[in-house]
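Two complexes follow with chain A in common, the first pairing it with chain B and the second with chain C.
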Partner chain A sequence: MPAKKVVVFFNNPPIGSLHYAEGLRASVGLGAGIDEHEVVVVCLGDGVYNVLKNLDRKEIFRYIDTFLHRLEVPGKLLVEEESLKERKIEADEVDDEWRIVAREEIARIVSEADIIVGAF
Partner chain B sequence: MVKIGIMLNAAPLQNQSHYTAVKIAEAALDKGHEVTIFLYDESVYSPMKAQEFPEWESLPRDNFERLIKKGAEIIACGLCVDIRGLEEGKGYIEGIIVGGLADFANVVSLVDRIITFC
Partner chain C sequence: MGTLYLINKPHGENGLKIAKIQAKKDENIKIVFIMNGVYYTIEEDILREIKVEGIKIFAIEEDIKRRGLEDKIKDVEMIDYSKLIDLIVENKVVNFI
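For the complex of A and B:
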């Protein structure tokens, strides 16, 4: 089977549910399967609170590390610029692992994706 | 014929997700489409055999039994099963596969669409 372009959406905040950790685990699993799908994680809405620099990441750091560096096809971590602005979160508050992209760019990525998984 | 994957994350009695997912799956199966359901997080409680509630005609496990009879494949995330003490799905109804995220990656390979219910 061919690898697919998969977008995984996060729109829940990090506190109050398991969505963040389990969503990242699923994202790693999608990239680590036999077909090595090309996975892009997108945080938007209240999901942007997942990208804050000072967030306690001890439960999930290994997923981020595997997702970005250890997969055959490394994943991408994106956060929507407009959602950050709406919540008055500045770019320097965003952890370095996440790339800030405009809503228009996310729309383009979605339009090119084969599969959408969301939202955690 | 379309191949549909459903990722179900919600607990069976937490909100409307279980029933909505079942209705969509059943409608798709009735129209001749293929359906694979991947149970993730709290949804792994859904196929437990020992569910009882006298006033309900169709409990979550009954819904899954019906879907399996109609041809659905249902896979539960093994880590989600184990962390909840469900003993590798020993208490599950017949026909539930206990697998892992590699199976979900495979489902993504095979299907035309994924629908997620949180």
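For the complex of A and C:
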């Protein structure tokens, strides 16, 4: 099967559930399998709380490191600009690993994707 | 192939925002309200904003009836789970369940 473009949406905040860690683990798995899918993680809604610079990441750091730096096709970590603004989160509060993109750009990425996962 | 958004609560509004933007450039966007997502169908402001973009709207009839909402629904095509499967097969699915 040829590699596909996959979008994974993170809707939940990071603490109190396994959505964040399991979502990252699944995203690494999608990118690391024999098909080496091109995977983009997008945080929106309350999912943007996952990108705060001061968030404790010691339990999930290795997933992010693998996702961004150790896959044959490096993953991308995106966060929706409008969701940040709605929650009064400034750009300088966002961890450096995440890129801020407008909702319109996310809609374009969805249009071009083969598979969209919105469960995390 | 069109794009089908499956919308449930509590995160469905995130999907609706993306769908509305996508619909400005793609006329083949559909939304199915499912499970607790059918409560969105009685929120007039949300429905109006979706319809303005020309998005085709469906809701699962069984989920509406179980919640006693059938008399409140207007201008939404009710479908059963069999029809939902047809839509899933025919479209690219964006899952906000």
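Here is the rule we use: the second predicted complex is superposed on the first by the 120 of 120 C-alpha atoms of A that agree within 3 Å, B and C clash if a C-alpha of one lies under 4 Å from a C-alpha of the other, contacts with A are read in each partner's own complex, and residues count from 1 in each chain.
The rule we apply is simple: a residue touches a chain if its C-beta (ideal position, glycine included) is under 8 Å from a C-beta of that chain, and two chains touch if they have at least 3 such contacts.
Just so we're clear, the structure is a prediction, and the values are computed from it rather than from any experiment.
Asks: Check the residue A:I116 against both partner chains and state whether it touches chain B (first), chain C (second), both, or neither.
Replies: Both: A:I116 reaches chain B and chain C.
Asks: Of the partners chain B and chain C, which touch A:L71 in the superposed model: first, second, both, neither?
Replies: neither
Asks: Contacts for A:D35 in the overlay, against chain B (first) and chain C (second): which applies, first, second, both or neither?
Replies: A:D35 contacts chain B only, not chain C.
Asks: Under the stated touch criterion, name the partner, chain B or chain C, that contacts more residues in chain A.
Replies: B
Asks: When the two structures are overlaid on chain A, which partner does A:V6 contact: first (chain B), second (chain C), both, or neither?
Replies: first
Asks: A:L44 contacts which: chain B (first), chain C (second), both, neither?
Replies: A:L44 contacts chain C only, not chain B.
Asks: Could you tell me if A:L24 is touching chain B, chain C, both of them or neither one (first, second, both, neither)?
Replies: neither
Asks: Across the two complexes, find the residues of chain A that touch chain B and also touch chain C.
Replies: 12, 116-119
Asks: Over in the complex, which chain C residues touch chain A? Could you list them?
Replies: For this pair, the touching residues of chain C are 3, 11, 13-15, 17-18, 21-22, 25-26, 92-97.
Asks: Where on chain A is chain C touching in the complex?
Replies: That would be residues 9, 11-12, 44-45, 47, 82-83, 103-104, 106-107, 110-111, 113-114, 116-119 of chain A.
Asks: Which residues of chain A touch chain B once you look at their complex with the stated criterion?
Replies: On the chain A side, the touching residues are 1-4, 6, 12, 18-19, 22, 25-26, 28-35, 37, 115-120.
Asks: Touching residues of chain B toward chain A in the complex: what are they?
Replies: Those residues of chain B that touch chain A are 7, 9, 40-41, 79, 100-102, 104-106, 108-111, 113-114, 116, 118.
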